[in-house]
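Sharing a structure, written as C-alpha cells. Questions coming.
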Amino acid sequence: MFLTFPIMVIKVNTIENIVVWRWKNLFIVGIGVFLLSFVWRYLIKRKEVGKKKAEAGELVKPPITQRVLKEPKFYIPALIAVAVFAIAFPFVFSMYQTNIMVTALIYVVISLGLNIVVGLAGLLDLGYVAFYAVGAYTYALLNYHFGLGFWTVLPIGAAMGFLFGVLLGFPVLRLRGDYLAIVTLGFGEIIRLILENWNEFSFGPSGIANIPRPGLFGIQMSLHSSIIYLYFLMIGLTLFTIFVVNRLQDSRIGRAWIALREDEIACQAMGIDKTKTKLTAFALGATWAGMGGVVFAAKTTFINPASFTIWESIIILCVVVIGGMGSIIGVIIGALILILLPEYLRAFSEYRMLIFGAVLVVMMVFRPGGIISDVRRIYRFEERETTA
Amino acid sequence: MCGGSTGLKNAKQQHNAMEPILEVKTLTMDFGGLRALDSLDLAVYQNEIVALIGPNGAGKTTFFNCITGLFPPTKGEMLIAPPGKKPTKLNGLKPNIVTANGLARTFQNIRLFPNMTVLENVMIGRHCRLSSGILGAAFRNRATVLEEEKVVEESYAMLKKIGLDAFVNDFAKNLPYGAQRRLEIARAMATDPFLLLLDEPAAGMNLQETRELDELIVRIRDEEGISILLIEHDMKLVMSLSDRIFVVDYGKKIAQGTPAEIQNNPAVIKAYLGEEIDA
Amino acid sequence: MEYFLELFLSGLIRGSIYALIALGYTMVYGIIELINFAHGEIYMIGAFTALIVASVLTMLGWNQIAIILLASVVAVIYSSAYGYTVEKIAYQPLRGAPRLSALISAIGMSLFLQNYVLLAQTSDFMPFPSLIPEFKFMESYEHIISSPEIVILATTTLVMIFLAFLIKFTRMGKAMRATAQDREMAMLVGVDVDRIISFTFIIGSATAALGGVLIASHIGQINFYIGFLAGIKAFVAAVLGGIGSIPGAVVGSLVLGWTESFFTGYVSSDYEDVFAFLFLVFILIFRPSGIMGRAETEKV
Amino acid sequence: MMKNHFGKLFVMAILVFFAGSLMYSCGESQKPAEPAKKAEAPAPKAMEPIKIGVAGPHSGDLASYGIPTVKAAELVVEKINGKCGVNGRKIKLIIEDDVCKPEVATNTATKVVGEGVHAVIGHICSGATKAALGIYKESKIAAISPSATNPALTQSGDYPNFFRTIASDDAQAKLEVDFALDVLKLKNIAVLHDKGDYGKGLAEFAKSFLEKDSRAKVVLYEGITPGAVDYSAVVQKIKRSNAEAVIFGGYHPEASKIVAQMRKKKMDTIFISDDGVKDDTFIKVAGKYAEGVYATGPMDTSSNPMAIEAIAAHKKKYGSDPGAFFLNAYAATLALLNAIDKSCSTDYDDIVNALRTEFVATPLGILRFDERGDAIGVGFSIYQVQNGVYVEIK
C-alpha cells in the first residue's frame, strides 16, 4: 500500500521554465507518510477487531455518547451547562468569537433543515444552497426596494424558501438517489447563475451592499452590541428550529419521512403519498434555508452570488453526514465542528483546507455513521400502556 | 364491519347473491416481451380466505403488484367494492390511494422499516387514517396531541392482537424472522383494510410458527371481518386455511375451486410435478 | 450553415473532452455506486505529472514525440497509482457503510488532493506546452479543426472502444460486470471483489490521466482547480447519458457539449450553464435513468 | 502552534473588552447596558504599538493576489520600525485571511477589530471589501485597499472610511474605450466578460461608454463561463460578429484561452483587456499568442526611485519578483503611516483627515486622497505585449 506513496512525493517540484528539485520535501513527506501509514494500519486493525466483536456478541454496549444522552442524570446538568455557556458566551469571549459563533449557529439552523431532507427523508440534495441564496436575496432585495426590515422579511424569507422548495421539488421528485442529487445540484447552480447574470434583478456579481443588521424596535446599536444581539437572535432561532424539527420528527409527518427513507415501496404500500411526503420534506428543509439566508444577509451586510456556490451545499451536507444523519444533536455538533474548525485552523493558514479534507476522510473512515450515530428517538410508552 | 358470519366454509353458496369485494377481469401484464399475466380473472367475496398458488415465477406477486398499484397493468380491469359501498376501479390509482381504499398487503421479501421501532412501524400503517398536518406537528395543537395519543393506543392494541407487544420498542431489524413476518401483517392491518393481501406469509417459518400464523389468519378474518387473499407455497397451510384456491401457471389461471377440488385437479398436478414437491 | 458546422465541431470537441473524464466517473459509479468526487482531482494530477515530465524532458532536449509518449505514460502510471491509493484509503474501509459516508469521504479526498497540489505547486496558472505536434497535412484545415482536436477526438473514440472491449470480452470485464450487478453474489462465485474494484479505479484513473494530458495541452494552462470544474461537468454528462453505462457516458458528453455550444452560438453564453442544467433536468424528467440508462424496476 | 493560538484567544477576550468599550466612547451611539466607565483611557497607551490590520486572501485559489500585499506591508513596517517607528511607537501588523469571500471577510473584520487595530490595509477583493467595510465603518476604522477597484466603493458615498491606491474600474474601462476609438479608430467592438464581480463590472462600463459614443458600435456583449474547458463556441461567435476588436473584462486564465483559440482559428481580432490580464503570467501562459494584446494597467512607475527600492527590498528578502498589487500595497502602507505620523494621532478622524490633506511620496508617485477616497495621481495606462513583455504605449 505505501509503495505508492514515494511516487506521490517525487512530483513535489515546481515548474516555471526552470525545474526546482525539492529533495528535502521528499524526505520529510516520505518519513511522515511512513509513520502515518503505521498509525493508519493500527487504527484500521482496531476498527476491524471492533467490528468482529460486534458481530460475535449479540448485544454490544451502546456507545458512551448514546448512554450519556439517554441518562437524564447526565443530560440535564449537561443541558444546563450548555445553556449557561451559551448565555455567557458573548460576554466572555471577544466580538470575533461571537461573530463566528453566529455563523456557526446559522449553519446549525440550515443544517437542521437539510437534515430533514437528507437525514430523515433520505433525499440527497446537493443544491440546498439555492434556498439559502433565495432567503438572502429576499431580504436584500426587499430591503433595497421597499425598505422592509429584518423582522418583516424573516417570515417572508421562510415562505420564499418554502415556495422555491415546492417549485423545484415538483419536477425532481420522480428521480431517485444520485439522479436526484445531480438534478438538485443543477438547480443550485441555475439559481446562482441567474443571480450572477441577471443584473437588472439581482445586481449581478457585484452583489448588494449595505444590508442593515436586524434592529430592535428601532434602537440604534453599536457594532459590538448588534453582534451580541444577532447572537442571541440566532440562539433563539436555533432553539426554535430544534424545537420544531424535534416535533416534526416525532409527528405523523416525521414518521412518514423516515419510512420513506427506509423503504420507499413499502412506504407507499402503507398508504403514504410518496410525492406529497417528499415535497413536504423538500419544502420544509428549504424553509429553514430561507430563514438562514435572511440572517446571513443581515449578518454579512453584503451578499453576492459567490457566497452560494456548490461548495457551500457540500459543506452543509458534510455537516449533516459527519454529525450523524437524522440525529439533531449530532447535526448541531457537526455544524459547530465543521464551521468552527476552519476558523480555528487559521493558525495553520495555508494548510487548513488540506487538514479539513483529511479530517473529512478520517472521520468517515473511522466513524462512517457520523459523530452521533444511531441516536434515534425511542418511543417510551410502557407507562402509558400499563394504564391504558 | 360485520364480524362474525358463521357459515364460513359454506360461504361459497352465498357468493352468487353477493357482489365480490375484489373483482379482476382479464388482467394482463407484459414486461417487454414477457407476458407475466395473461387475461387473469379472479374474484374475492367478503369473509373469504382465498389462496393464490402456482409454481415459482407463475406471476403471483406480479398480480399483487398490479392490484396494489405498483405496476400499471397492460390490460384488464380491477374493481373493488368495500362492504356496503359502490365498486371503484383500481386502474391507474397510486399505491397509497389503493391502500387508502382499504387494500393492504405484505411483501414476499420482508419490507419493514428496519431502523424504526416495532411500534413506529405499526404507526406508519395508521398514517393514511390520520390527518394532522405540518403546522399541527410543529405546534402540537390539541387535535394533534389527541390524535397522536390515539395512534399510540391503537397501534399498541394492534401489536397485542398479533402478539408482538413484548417487542414494542425494539428496532424492527432486531426482531426474529417469524416476528418480522407477523409485524408486516400488523402493519398492514393498521391501515384498516377490508381485504388483506399476504405474499407468502409463512415463508421461512418453522412448524410452530406456521401453526400460529394459521390461527392468526383465521382470527383476523373471524374477529376483524377482514377478507384475505394470500400467496403461499406451504400447501398444508393453504389447504387448511383457504375457502377457495386459484392456481396460476405462466400467468394463466389453470384451475380454481375448493381445496378438495384443487387437490384432485390433473392440470394442477401437472403444473406442480417436477417443479415442486411441496404439497 | 458554415457557422452551424463550426458550432457542431466545437460542441464535438467539448463533448470529447467531457467524455474522457466522464468515462472514468461512470466506470467507478457502475461498480460501487459512488460519485467519486476525487475523480476530477485525479485528472488534474495526471495533467500536472505530464507537465513536470514534459518540462524536465524538454530541458534535457528530447524530441517531441518521445516527450509526449513518455509524459503520457508516466502520467497514466502516476494517476493510476493515485486512483488506487485513494480507493484503498478513502473508499475501501467504507464498504458496507452508508453510501453518503463514502460520498463525504470522496469530497474530503477531493479537497485534500486539491490543496495538496496547491501547496506543492502554487495556485498560479501554469503554461502547459502544446505537446501535440501540428500535423503537416492538417495545415490547410487548421482554421476549422486543429491537430490537437483531432487527437482528442481519436483518443476518445479509441478509449471508448477499448473500454467496451475490455468490459464485454475479457475475463476481467466479466468479473467487473458481475460485481456491478451483485457484489455479494460475485464474491460467492469466487470473484475477488476488492481486486476488481481496485482495477476499475486504476483503469478509470488512467483514462482520466490521458484526458488530463490531452486537454491540458489543448488548453495550454493548468492549475490545481481545473479538476473540480471539469469533474462536475463530466459527472453531469455521465448522468445525462445514464450513469454506469460506457456508451452512455460518451453520448451524454457529446449531447452536453453540443447543447452548450449551440446555445452559446445561437442564444448567449451568459446562460450557457443554466441551459445545460435545465436540459439535464428536462431529459431526466422524461428518462429518469438518463439517455442510455436502463430503467430499473425494483423487484418487489 | 494550536495551543499558542488558544492562549491568544484568552488574552484577546480581555483585550477586547477594553477595545470594545473604547469604541463606544468614540461612537455617537451608546449602549446603556455597557457602562462607559470602563473606557477610562489607559495612560500608557502612547507607548503601545500601533496596530495595523492586513486582510486579504492568503490561502485558497486567489491567494496570489493577497500575499504580495502582506509582503509589502511587512517590508514597509520593517523599515519604519527600524527607524524608531511612527511618533515613537512601533507598528505591529495583524495579518488575517479572508479567502476573498464576503462571509469570511466579516469574520476577519471582526477579528482585526477585536484585536484593536487602528487602521486596515485591505481587503483585496471588492466583494470582501464591501462586506468588511460596514464593520470598519461602525468601528471607526479607516481601510486602504491596494486593489479593490469596484467604483461603488468610493462613488456611492457609503464608505467615508474607505481609500484606495488603485483607480476604479470605470477609469480603466474609459481608458480602454478611448484607446479603441481614438487611437485604433475601431468601428465594431465585441465586449466580453467572465461574469465575475470585477470583469462584468468593467465590461458594463465599457459597453455604456461605447454606446454613448456614436463612432463605434457594440456588436456582441457576452459573459463567458470561467474555468470552462474550451471557448471555441464563443470564439466562433466573435468571428461571425465581424468585430475588429474584443474588449475583455476578467482575469488572465480565461483571456489566454480565448486569445489562443482566436489565433488558432487564424483570427487577427485585436484583444484589449484590463488589469487582471496585465500580468506576466498571461504572457507566459499564452506564449506566442500573447503578442500584440493590449491591456490596461497601473501607470508604469518602475522608474520611480521608491519603486526600484521597494522591488529591490522584496528581491533581497524573498528572493523573487513581487506579485500583483505589490506597489499599490506598498504605497497604501506608506500613506497610512504617513497620515498617522502627520496627525500625531491614531484617532479615526485625524487619520482620515490626514489621508485627505497630506501628500505622501510613494512608489506610485506623490499622492493624496480625494473626498471620496480615490487616490489623486494614480492612474492607468495602456500596455501592449511586444516581444514577450508588456510595453507602455503613448
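Letters are used for the chains, namely A, B, C and D, taken in the order the chains are written, and counting of residues starts over at 1 for each.
Following the convention adopted for this analysis, a residue touches a chain if its C-beta (ideal position, glycine included) is under 8 Å from a C-beta of that chain, and two chains touch if they have at least 3 such contacts.
Just so it is clear, the model here is predicted, and its values are computed rather than measured.
Participant: Would you mind naming the chains that touch chain A and likewise touch chain D?
Facilitator: Touching chain A and chain D alike, sorted by label: C.
Participant: Skim through the chains and flag the pair connected by the most C-beta pairs in contact.
Facilitator: A-C
Participant: Where centres are the averaged C-alpha coordinates, which chain has the largest centre distance to chain D?
Facilitator: B
Participant: Provide the C-alpha centroid distance between chain B and chain D, rounded to the nearest whole angstrom.
Facilitator: 73
Participant: Go ahead and note the Å separation of the Cα centroids belonging to chain A and chain B.
Facilitator: Spacing between the chain centres: roughly 42 Å.
Participant: Could you grab the centroid distance between chain A and chain C? Build each centroid from C-alpha atoms only and quote it in angstrom.
Facilitator: Spacing between the chain centres: roughly 29 Å.
Participant: Averaging only over C-alpha atoms, locate the centres of chain C and chain D and give their separation in whole Å.
Facilitator: Chain centres of chain C and chain D, defined by C-alpha means, are spaced 38 Å apart.
Participant: Which residues does chain C have that touch at least 2 chains other than itself?
Facilitator: 118, 122, 126, 270, 273, 300
Participant: By the touch rule stated above, which residues of chain B touch at least two different other chains?
Facilitator: Residue numbers touching two or more other chains: 70, 107, 111.
Participant: Hunt down the residues of chain A that sit against at least two other chains at once, touch-wise.
Facilitator: Residues 16-17, 197, 265, 350, 353.
Participant: Which residues of chain D touch chain A in their complex?
Facilitator: 1-2, 4-5, 9, 12-13, 15-16, 20, 23-24, 27, 29-31, 33-34, 58-60, 63, 96-97, 101-103, 105-107, 110-111, 113-114, 126-127, 130-131, 134-135, 138-139, 150, 152, 156, 158, 195-197, 200-201, 204, 223, 284
Participant: Where on chain C does chain A make contact in their complex?
Facilitator: 29, 33, 35, 48-49, 51-52, 55-56, 59, 78, 81-82, 84-85, 88-90, 93-94, 97-98, 100-105, 107-116, 118-122, 126, 232, 235-236, 239, 243, 270-271, 273-274, 277-278, 280-281, 284-285, 288-290, 298, 300
Participant: In the complex formed with chain C, which residues of chain A make contact?
Facilitator: Chain A residues touching chain C: 1, 4-5, 7-8, 11-17, 19, 25, 40, 44, 47, 118, 124, 171-172, 174-176, 178-179, 181-183, 185-187, 189-190, 193-194, 197, 265, 310, 314, 317-318, 321-322, 325, 350-351, 353-354, 356-365, 368-370.
Participant: Of all residues in chain D, which touch chain C in the complex?
Facilitator: 60-64, 195, 222-225, 227-230, 232-234, 236-237, 240, 252-253, 256-257, 260, 264-266, 281, 284-287
Participant: Show which residues of chain C lie in contact with chain D when the two form their complex.
Facilitator: Answer in residue numbers: 3, 6-7, 9-11, 13-14, 17-18, 118, 122-127, 142-143, 146, 215, 218-221, 223-226, 229-230, 233, 260-262, 264-265, 268-270, 272-273.
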